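Notes follow the structure.
In this document, chain identifiers A, B, C and D correspond to the written order of the chains, with residue numbering beginning at 1 in each.
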Amino acid sequence: MTYKIAILGASGYTGAELVRLIATHPMMEIVALSGDRKAGMEMAEVYPHLRHMDLPALCKIEDIDFATVDLAFCALPHATSQAVIKELPPTTKVVDLSADFRLRDPGEYEKWYGKPHSAVEIQKEAVYGLTEFYRDEIKSARLVAGTGCNAATGQFILRPLIAAGVIDLDQIILDLKVAVSGAGRSLKEHLLYGELEDNAFGYSIGGKHRHLGEFDQEFSKIAGRDVRIQFTPNLIPATRGILATAYVQGEASAVHYALADAYMNEPFIHVLPFGQAPAMKHVRGSNFCHIGVVEDRIPGRTIVIGTIDNLTKGSSGQAIQNANLMLGLDETMGLMNVPMYP
Amino acid sequence: MTYKIAILGASGYTGAELVRLIATHPMMEIVALSGDRKAGMEMAEVYPHLRHMDLPALCKIEDIDFATVDLAFCALPHATSQAVIKELPPTTKVVDLSADFRLRDPGEYEKWYGKPHSAVEIQKEAVYGLTEFYRDEIKSARLVAGTGCNAATGQFILRPLIAAGVIDLDQIILDLKVAVSGAGRSLKEHLLYGELEDNAFGYSIGGKHRHLGEFDQEFSKIAGRDVRIQFTPNLIPATRGILATAYVQGEASAVHYALADAYMNEPFIHVLPFGQAPAMKHVRGSNFCHIGVVEDRIPGRTIVIGTIDNLTKGSSGQAIQNANLMLGLDETMGLMNVPMYP
Amino acid sequence: MTYKIAILGASGYTGAELVRLIATHPMMEIVALSGDRKAGMEMAEVYPHLRHMDLPALCKIEDIDFATVDLAFCALPHATSQAVIKELPPTTKVVDLSADFRLRDPGEYEKWYGKPHSAVEIQKEAVYGLTEFYRDEIKSARLVAGTGCNAATGQFILRPLIAAGVIDLDQIILDLKVAVSGAGRSLKEHLLYGELEDNAFGYSIGGKHRHLGEFDQEFSKIAGRDVRIQFTPNLIPATRGILATAYVQGEASAVHYALADAYMNEPFIHVLPFGQAPAMKHVRGSNFCHIGVVEDRIPGRTIVIGTIDNLTKGSSGQAIQNANLMLGLDETMGLMNVPMYP
Amino acid sequence: MTYKIAILGASGYTGAELVRLIATHPMMEIVALSGDRKAGMEMAEVYPHLRHMDLPALCKIEDIDFATVDLAFCALPHATSQAVIKELPPTTKVVDLSADFRLRDPGEYEKWYGKPHSAVEIQKEAVYGLTEFYRDEIKSARLVAGTGCNAATGQFILRPLIAAGVIDLDQIILDLKVAVSGAGRSLKEHLLYGELEDNAFGYSIGGKHRHLGEFDQEFSKIAGRDVRIQFTPNLIPATRGILATAYVQGEASAVHYALADAYMNEPFIHVLPFGQAPAMKHVRGSNFCHIGVVEDRIPGRTIVIGTIDNLTKGSSGQAIQNANLMLGLDETMGLMNVPMYP
């Protein structure tokens, strides 16, 4: 017996990544793939690397019989997602990969996404999908809101430090080096090969990036007070991966201990020996997260570096990890594939 | 029950790729990893992307108890490989990834590799490891010689055409675009990032590349006469993959039919609809091969394009496919992972 | 005294490359830059790497006073170019970088570009801009049609061989490895960084590429009979450059002699010593062309490899070289900058 | 009349970059190129992109007649440089590109470079080569010590802020994204294409990078007290360029004013309008530096971003700028070439 899976919005990168991961998942079977503008096309026309698979053709969402679906992954754009999910049968389990249900407070949603939320009732019900920290709620959730990929990376390295009280909450700086697939398959000039090769630049600098909404919500909740961090993502010439560098004020040994302790039994999160730093390519294509802690020459200053693959641990891998829990499966099922190196 | 696997020469790229693929293979277990100069080191020190795995430390070959090993992959450099394999117990099944046992004729070996073969007796016994064409011999073989990665790509697109007699045997041109990992992890100036970015150049041009020994041997055997092709590999700024363009003289429809017919039931080789061409990234990280056939505007001229991942279908994936057969397992076991895209 | 230059269609890559090269040209001064959809914007908004320059703002073509312009570079899209150029004052010298005036025969134009030519009269007058071969006509021309970048590369390596009669005219195969900037700054999915990294694929395979119109016209003219070559361009993950591999049938020594002889006194075209092959990056950013000749192991077969930067020698550099001649300047003026390596 | 130039250590990337820039310099002529291990070779054998140039062959340093040399660029490795320079005729003007003469204090040199300085007397005499800040001393200097490329970038964005007193000196964090050519043409595993593609990682993290010696020396001197910054360089998959992100505590408007004011008349340093950020590729191949200032959402926090090409403004371009001053030439001579984009 396998669980029947639908992927809504399968024609984007996170959709393709879900297909890749589910292909070798022993307990999931894809029964429906939607792609509104591409309805009627075979998935192999959109993604020829899936040519060998026996997949359903892309269809419209309204053509899916949700009575036969155990769980739906929703990989639709922001705003579209809430409109679609509120029309789904209330019994369908959903893992949403958009930003629509990440923020608890409708006011915060409107602040960061520029318009009112249209499904406030189910927004309340959604569980934040950072698996390692919401495991129990996710197990019994109907709707899980996948995190932002930058937001996941930042939280993996900072949550245990805030929880343990080992860093100054008013002096947290997070500088990210991010690969281009986080922006999806969209046609934008700065995503062209000729523009990005030998290039690097910051964007949404100074507190404008929407994932700050997640950081504010989560960090403040852990700390029991308002926490505001500085966060700058930088686009680099790479396809997959996020390397997050956090500059914090706190003793390096306490920082390392807090992380090692928090993740001691986690299958996907690996804290390196003290003083070692991770490399982005070491987790590429996998659901792993590597974290390193290095002491600065200035006493009391510490650098914490974490890395994940944005399409796997940062979105589609995380989504399957959550779906495993929601379906009562082993959390790591189908997710232990090894990073692709080189 | 699982089969006990040793990897000799595990510190190179093909060794790391074997570890990646075996990690999710349901019937193989790695019991020994050798790396002479790195003996004593943990595999995770050499390849931190394997950090989460529970692997034996690197050891010297002489420290492996081959009585407990069901099959050894030999990923050693050319020449070293023959010296090592001739000292292994004659009952140990071996898949060799080097060039040492690919050529039947010791004279040809000496011609292409510049020194006499030192294990001529076992050279006789070795089976050429192009699975799709030597399946039966491989099943009962003790020693299988993995093919060259360029040689595999060229043969996938040309063997059925030579066998079917649909092309002119004296007018075959093979132009390859190859990624850099085919050269291994060796420290050479032209493999540096700064040298290869925005670069492309042919090498071993004009009939000097050693994989021609394999082409000559195999194509002549199929044709029943001497066949000599033109073959030029070109290094391009990419890490994994080979895109092979063959210019042949023969009717495109007959060419396409010969290929489609030959690979109709092959799980890993996919012939595209007539007129379509494959892209290198569509097979990256996988054991698949995509082949396309396009008719030229000049009557009687046809372009055949094939692509594989040099580290997977071109070496370590092929090796596991062969090992599956040698161990009586399903040929595709552990090899159906989906290409990583993007 | 300097010559007053207008660039029509300055917002594309060839426009930007013209600005880059003219910036250090001692006898040219940019007086007008057009960019219809971007009229009113500063060039530095479109191309911030030009920030330090004192350039006119982008304007509409109709706002340029051509009485004050000595020479106009026309870097507009195909079809637009002919519509614009036929309205320019007949005294304005023009170097067109589009495909509109490359083909002598209106029938051929319609065949390759899919619609009738709308400026047949001035099409007759245009001189084909492959400087090394049309030098005298260019000196006195009013309108010069810049060549296709692929067409330029192929002609540099093949014209002298056809002229010298040293190769079989019915057995010419041209395989190109081309960087992405040849496709311009257009928003197309296959030009995205995430799609092209670790990728390579042929396009317009089998005789469909429009530059074949130029090859057919020029090679047939030289040979005095119809010549049809096979031509396949392959996109590779690089930004600038074309590496052209020609497979020809003829004695390598005669081929090398024909090329060395043809280019002996050419400032930009360098024929390497016999047996050496060029690398794409060795000409990047410059107006140089490197050509190598290698003998195949099959007697009578020869590989000729040539490389240029598609944006420089393949379009904007060539355009300035032609403009120098049209203005009575030294042909190399402003074009001797050294390739950028690494 | 031109000045006669020798380049000692011409076979590295900075040597090649000096040749590239001097090639179009109207007042410099290369008369000698040394390369000890490659003595006797032509420069075009080491760097085929220089094939078209008429350059002296590589020689040994002792074979150079310094009586005929007006100025020597010394692009030798650290430690070698001091040994060579102390043997040069005391009348020869020298621009050193190594680290050997950057630090005033021999104790600091030993601390960062691990052994005592062997030319302490001429160390005293050397002028620090950050042109915009040592212009007058450089004009009359005999020996100028080129800065580290990371050190230059960091100083361009931070010096005016420290001088103007607009930021907290104890809260300066500098996160660099650096391209690979800064490491030179050395054969190291992490510099291989296959290792760096899709990768990113910090190195010399936590205060271990040698360029901190320069920051400490210069910033403390400006401030009149000890200043210690946090500095982490991150290698990214790119060939040329440094993008430096400084996190400072001070009013953004005051920060922007201090920078705009400091560089108002500088030909190579461009401060962007308030709120805009630079991109690394916008200065590639040129001697320009772009600087942007963005206000953070947290009051009193500011992000300053600067970018240069490490081989040009960060080393060889800076060296020529300094040589121009030392020879009484216009400071910008030969350095106004436009960045290469795309």
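Just so it is clear, a residue touches a chain if its C-beta (ideal position, glycine included) is under 8 Å from a C-beta of that chain, and two chains touch if they have at least 3 such contacts.
Keep in mind the model is a prediction, meaning the values are calculated, not measured.
**Q** Starting from the Cα centroid of chain C, hunt down the chain whose centroid lies farthest away.
**A** Centre of mass proxy via C-alpha means gives A as farthest from chain C.
**Q** Distance-wise, how many Å sit between the C-alpha centres of chain C and chain D, to the nearest whole number?
**A** Taking the mean C-alpha position of each chain, the two centres sit 36 Å apart.
**Q** As a quick test, compute the distance in whole Å between the mean CA positions of chain B and chain C.
**A** 39
**Q** Just the number, please: Cα centre separation of chain A and chain C in whole Å.
**A** A distance of 45 Å separates the two centres.
**Q** Residues touching two or more other chains, restricted to chain C: which are they?
**A** Chain C, residues with two or more chain partners: 13, 179, 181, 185, 194-195, 197-198, 237-240, 278-279, 281, 284, 342.
**Q** Mapping chain-to-chain touches, which pattern fits: line, ring, star, complete or other?
**A** Per interface graph, the chains form a complete graph.
**Q** What residues of chain D sit close enough to touch chain A in their complex?
**A** So the residues of chain D touching chain A come out as 171, 173, 175, 177, 179, 194-195, 197-203, 205-208, 212, 228, 230, 232, 234, 236-241, 243, 245, 247, 277-281, 284, 294-298, 301, 303, 305, 342.
**Q** Name, in rising order, each residue of chain A that touches chain B in their complex.
**A** 13, 16, 19-20, 23-24, 47-53, 181, 185, 197-198, 239-240, 267-268, 270, 272, 278-279, 281-286, 288, 290, 336-342
**Q** Would you tell me which residues of chain A are touching chain C in their complex?
**A** Within the complex, chain A touches chain C at residues 13, 179-181, 185, 187-189, 191-198, 237-239.
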